[in-house]
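The two complexes that follow have subunit A in common; it is paired with subunit B in the first and with subunit C in the second.
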Partner chain A sequence: MKADKAVEDVGESAKVAGGVTFEWLRQAEDASLLTTPARPTATDHGDSSFSVIEEFNYWRMQPDLAEAVAAIKALTAVIRRSQASTMMGLEIELKNASEALKAWDETSIPLSAGCDLFLRYVTRTTALEYEDIRAGKARLIERGERFGEISQKARRTIAMLGQDFILNGSTILTHGFSRVVLNLLKLAASNGKHFNVICTEGRPDNTGAKVAIELLAAGIPVTLILDSGVGYMMEKVDMLLVGAEGVVESGGIINYIGTFQSALVARSMNKPVYVAAESYKFARLYPLEQRDLGPSPCHVEFVEPVPEDAKVENTARDYTPPNYLTLLFTDLGVLTPSAVSDELIQLYL
Partner chain B sequence: MIAAMPDYQAAVDDFVTRLRRRQVEGSLITAKLTAELLRQVVSHQRLPNVGQAAVLIDVVKSVGLRMIAANPIAIAAANRSALRAPSLHNLLESIPDPVKTPEAPAASVGDSDSKSRSGDRNSVSWKLKHNVIEGITELLQDLDDYHTHVAEQALEHIHQNEVILTLGRSRSLLKFLLEAKKKRSFQVVVAEGAPRYQGHTLAKELAEKGLQTTVITDSAVFAMISRVNMVIIGAHAVMANGGVLAPVGMHMVALAARRHAVPFVVLAGVHKLCPQYPHKPYTLLNDMKSPAEVVEFGELSECFAAGTGDHTTYVVNPTFDYIPPDLVSIFITDTGGHNPSYVYRLIAEYYSPEDYFLQ
Partner chain C sequence: MDSRRRAPVIGPKVRQVGFVTPNADSPGEGVMEKEAGNLTTNSPTPVTIAPTRPVIEIPHSLKADPVAVPSPSHRRGNEVDIPSAPTASYNPNDSVLDGSSLPSSKGGSTINDVYGSLVSESVAESSPLGRPTGSTVGAFAERVKQKTSDSAIGSAVIDGGVASGKPGKGSKANNRGIPALSSSDAKSSEAPADGSKPLKERTSKAERRAKQEADRAAKLAGKGTGGGAGGDPNAQTKNSKGKKDNAPEKKSVQAPEKKGSDKSSENQKKKEVPAPRLQFDDKERVAKSKRRSLVEQTETKNRVELFRHLPQFVYGTQLPSLEAKFFQDDAMHPHPAVYQVGLQYLTGDIVGGNARCVAMLMALRSMIIDYETPPEKTLVRDLVTRTNNHVNFLITCRPLSISMGNAIRLLKAKIAKLDPSLPEAEAKASLIADIDTFMLEKIVFADKEIVKHAVTKIRDGDVVLTHGYSSVVEMILVRAKEMGKKFRVVVIDSRPKLEGRRLLRSLLSKDIHCTYTHTNAVPYIMQEVTRVFLGAASVLANGTVYARVGTACVAMVAHSCGVPVMICCETYKFHERVQLDSITSNELGDPDALVKVAGRKESALEGWADNEHLQLLNLTYDATPADYVSMIITELGMVPPTSVPVILREYRKEPAV
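Let's turn to the complex of A and B:
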């Protein structure tokens, strides 16, 4: 593949920066080939080769599993293999595992949000003073396992809440690839609503094509546009609907690069901006400007070769402040951006 | 299923019919009648020994659903019936377990508390109903008082020699202005509010009390707005995102106010809060009244094409306007002044999440 050489070049520099890009690309390729790699061998006692990161990668490759849920499942596996004899010891093990996961992929917000949420839950449960550590462990494992179902349930709730806002004959603009948004649109279509979707090309990951495939399979007419064509199309659009990688304390969202731009255009032309996000994406972050997000470089393939001295800014995501958002559809209900901080407090305290 | 009690069923049917025929108008009246009706329903409902609160909630919900089906725009009715349910949910939590599950007293024989409670089962069931009925009575009192609480804040907002603009007529606005008049002198510009022309009534009432009033047509609002210090209106309902349902013409006034940076103040009692989000407010949350108010039937007949009798002209007479939350500066409720972005908090205080969708 011609992408390989470019990937290789970036891979070297990326490895120095934390080995994120290359690894992620490789796994994405593996996932798209629908191969299921061998599961890390599960032995109960003293498995020194157990790596929480391997466990996480295994779960991450399940096609429908969100990153936060994969993290929680990995942490559940840690509990299962834990040799700790007290709840405090278990907590410390989990904390170390969570730090390891976060360090492995520093840029992923859903990952750290998922880890934080699960750790918070563990702390709350240990406070209930289970006398028998086995009972305590069992409870935590059960909860961790259920998180996978919660993820599916959350998407269904969001789809049900959001589909009321999709009106017959409307045109919806979407940006980036979000399974939650796809679920929402598919549910609305299956309930007999007629609408059409405009999706942006989504460089550099080409999310537009992926979204188009899914939507066409559900019988929804799709138009693909250039990322720079958002302003041009906005007058025809009735609403902007996006997912989110993370929802921050201010009520703003962090999402694929280009979301902020689309929201800006939508706002200036008085079109509503709706966000569909599950509650485990709520993160304890408060960015004040775009640079406050950690760096998350992605590989951009430029068709024209870039001259030596030109700099390249290749961030993969941006922050959309809350005043550009109209409503958020979450499994906690429909929220205005100002209501997000209240929900965050309830989740984390 | 709950057996229908003939005593209150007739009253419910009567109220539902009146709602459907739009004979009940105005959010306050609707709210009061709904609350009184629900009080009747609750007091007549016979409760089983187990799961009383759940039964009550079911009954209230079913009555509420009928009312909403009759007149979805009387959202105040929805508010009321839903509002009862959260107090029931709260009471559900405060009920001691032995009452809810009569098997428990048998298991915990040593517990003297549960023994005495199982004997007092009838009195506890009476207590639950009594608490709910007390709650509803308090609610009715609040409804009667809310004008006063809103008017108390008038002096903070209206200052000497100001010019206030409004459209149509609102009872809470009238009391608000008269309360401010006691200590300040100011003028009021009233837009008449076609096609019902209730602005004329308000202007007369204000003039009788000695307030300097000017009546203008609706189309003159943009012309007058730059001379005005503040716009104050009464709302029919406040949606969960902070949007306002107000009599037709208000959206235009809100846009004029935004254009000229005039504060847009909305008076709304807490009973006007609705936990729903408007996804298609202009059509789904609107009531189309008779076009005869706009154009006389006689004049309309000329609009039919000769021979075929097809329409060439349509006359639309919507009752309500939807004002998006970013056009509102402040909500004045009986609990104080609030930002539109704060409405979600008020909803969370007065409603429990199970009540957002009654179905």
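Let's turn to the complex of A and C:
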């Protein structure tokens, strides 16, 4: 398919170029430029930190945009409004904006991953850029705007790569709500594959119901189970397919709570565990234990009222170590967990 | 094969005493120059007479042959000072490198003899020949040819001579210009096979080679180079002062060896992978390397079979001989700073990957500062040779650690890349700056970065376990304490080195709460532990961690208890080789160290050497598989063990560029 070829080409050019290329940016270059609604910039740039967050929120509300991409778009806006006279000055402004964004929502991994990624890209570019500031800025803005495409394009690539792993007549277990995974399943179905999906209820966010609605609309049979029913159903399942909020350096993933447990069961019963994640989710974190993740509390509603003195542990996500994962479908290709570090090193070091 | 043979042939190394007096550095230079086809630098490059081997008795007349002998005046001025052991007095059979006998029996005089002879100054002085002239060489070549035709033996000798020509260079450790022991040996690895061939076969090869040599000699006659050398094997054998000619074994190994060294300089660019190490169960090469070494060493008795490929010498015998030579300052002896560092390695005053590497680099730095290019030599080649000699010396004191090996490779690469037209002072300044930058970036700053990353992994309430003494781990724990984290440390120690006590002392002085125990208690204590921090001597390409013996046990127990294991290692210690077990490459320590137990007057193992059924094994390193390692903390960040090849690929490109 064309997209496949494009992916291969990009891959090759990346290798040829010495491994430092930002592959998915090149993919974005191929993609058509989406017309994004112009954001009226009403502010004096002196107030940039505040406006960054506004921008970010604005972009986040776009339905199909991932958080990381929203962050990147917000930072692009910072560049546009910046009045720095040197590239270094621009970089410093961006750093401050990025810090502000991260501080605003400390628990969001995609947000910080996206910020880091963009900053890294900027640093790389400015290092090579000897032209005057205007040209440099223009280039950065252009790149930043293309990031929006990346979200779409990456998901398309992942869907293409991942659907090959879905065989006719298979049963797929999924957990959590991930647009990437949904894209993948929908594409497979539209290519004529017959399979059925089991999805967990996904308390406390009730992700199961949301997933079921989407899948049924695409004509895929869905079964809903309790979160605690994963062990029971695992023998009927052929694979576990999840998305990721973040992919860490060791190759493990951070995802909706319950992913680790499902992966554990799948591994012990020799079922493959596949993760679908875009490359901008790769983060430079290296958790060793669950405790190493920052806190990310979510609101849990218990049907029975909870007694006063009982404590409630309501973390919203967990960490799945790489040895429980089989493969990751990313827009850089189908990777093993150990290859994630490879990509990160090439990108960041 | 042929191409290999041809390369070295050009410059037979002057080995011995015999007559040629190679210019102090000419042998090495000679070889390299020959490769480059530049044979004019040292006029006298003479007839390298490969000393070794030839067992054949050479008619005495040959000794006085006016074969090209480089005039001693070309060597350093102090040549004349060398105690001249009269040629006649040296008996090759008394070679110190005769493995079985203890050096002490020969006494220091032997060493002097050896060195004296090596220098061949005495011989050179007595030789009527001055600079070898083209005609002389040609004449010699003729003679060689005749000899060849005369008898099979002669040709065999020649073969030995020719073959040894190359190595001749090697054997002249004293004469300097010896290529690094291990690398050249590695290269000459093909050679050993030759030694076992029957005489007949060798003869034919010898004939061919002699012919080659003669041809070349004739060609080079005009240049005054010792092409014909094959070194007069006869002369050489005679002059077995040639040291260590104890070789009844013909060493065709030598030729390849020299080729190896030639190749090494040629292939420096291609070769980022270090050559395999000398395998000590190969008798020929061991004998050869012994011949070259500056220090006498005897092998211990009762060696463990499984580890025969690793060197093991009786400890303590090197010191007297080293001390005697300390103040001899001439071309063949290492710079005093290097000597000092070598002695410190020997006695165990300097231990640890970083410490040893830094000490060595500082010593080499002093050597470079004091270095003066000898006349008619290029700084680049001579300095590489000189560095090789020094490194060989350090190897005899204690085998190189991987960190040292990497640093040396880098240094040699930097020297090789120097612009030859640069004036000496600038070249030296540039090298010194490079060394300083290396130490600063790869060691000092790298350690700071590692500490920065690692302290984020220590939380309040942690129980941190560590093994032995690692400079980086010490820094991490001290820094974490400074940052106010509340944690306690368990220090695991192991005999016989008991290095953990050093760490313990240092941590206690910073008021860190410590628990101290030995390796046998690790499974028990692991239940309380939340983190394990370990240092490493190196991390290999497949993620295997090569560290002090005992580390693998600790990592394995930690893994089975679900405790994350963090290895802290700078990237300059990473190595491209792959090791699957702790046997293929290791370092054998002094077995006698196992005998003494602190606090006991008598040991149960006294007199172990007399018992033929008892062997003591004192390993220094072991290999921890990558599965037991959770992460490796480097100055580039925290990476999983599977990413080591990526780092090697991305960050080691530099030297080649």
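Basically, the second predicted complex is superposed on the first by the 298 of 349 C-alpha atoms of A that agree within 3 Å, B and C clash if a C-alpha of one lies under 4 Å from a C-alpha of the other, contacts with A are read in each partner's own complex, and residues count from 1 in each chain.
Just so we're on the same page, a contact is a pair of C-beta atoms (placed from the backbone, for glycine too) under 8 Å apart; a residue touches a chain by one contact, two chains touch by 3 or more.
No experiment lies behind these values; they were computed from the predicted model shown.
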Check: subunit A superposed: clash or fit between subunit B and subunit C?
Finding: fit
Check: Who does A:Gln290 touch here: subunit B (first), subunit C (second), both, or neither?
Finding: neither
Next item on the list: Figure out whether A:Ser228 sits in contact with subunit B (first) or subunit C (second), or with both, or with neither.
Entry: neither
Note to self: Per the contact definition in the header, classify A:Glu249: touching subunit B only (first), subunit C only (second), both, or neither.
What the structure shows: second
Next item on the list: Using the touch definition from the top, say if A:Gln346 reaches subunit B (first), subunit C (second), both or neither.
Entry: second
Margin query: According to the stated criteria, A:Asn96 is in contact with first (subunit B), second (subunit C), both, or neither; which is it?
Written below: neither
Checklist line | subunit A: partner with more touched residues, subunit B or subunit C | finding: C
Check: If you stack the two complexes on chain A, which partner ends up touching A:Ser338: first (subunit B), second (subunit C), both, or neither?
Finding: both
Next item on the list: Classify the contacts of A:Leu167 with the two partner chains as first (subunit B alone), second (subunit C alone), both, or neither.
Entry: first
Notebook entry, point to check: Where does A:Asn206 make contact in the superposed view: on subunit B (first), on subunit C (second), on both, or on neither?
Noted result: neither
Next item on the list: Could you tell me how near the closest CA atoms of subunit B and subunit C get once both structures are overlaid on the shared chain, in Å?
Entry: 7
Check: Where on subunit A do the contacts from subunit B and from subunit C line up?
Finding: 338, 342
Next item on the list: Under the touch definition given earlier, write down the residues of subunit A that touch subunit C in their complex.
Entry: 19, 249-251, 284, 286, 288-289, 291, 322, 338, 341-342, 345-346, 348-349
Margin query: Using the touch definition from the top, list the residues of subunit B that touch subunit A in their complex.
Written below: 240-242, 277, 279-280, 341-345, 348, 353, 356
Checklist line | subunit B contact footprint on subunit A (complex, rising order) | finding: 164-165, 167, 326-327, 333-339, 342
Next item on the list: Please name which positions on subunit C make contact with subunit A in the complex.
Entry: 457, 459, 564, 630-631, 636-640, 642-643, 646-647, 650-651
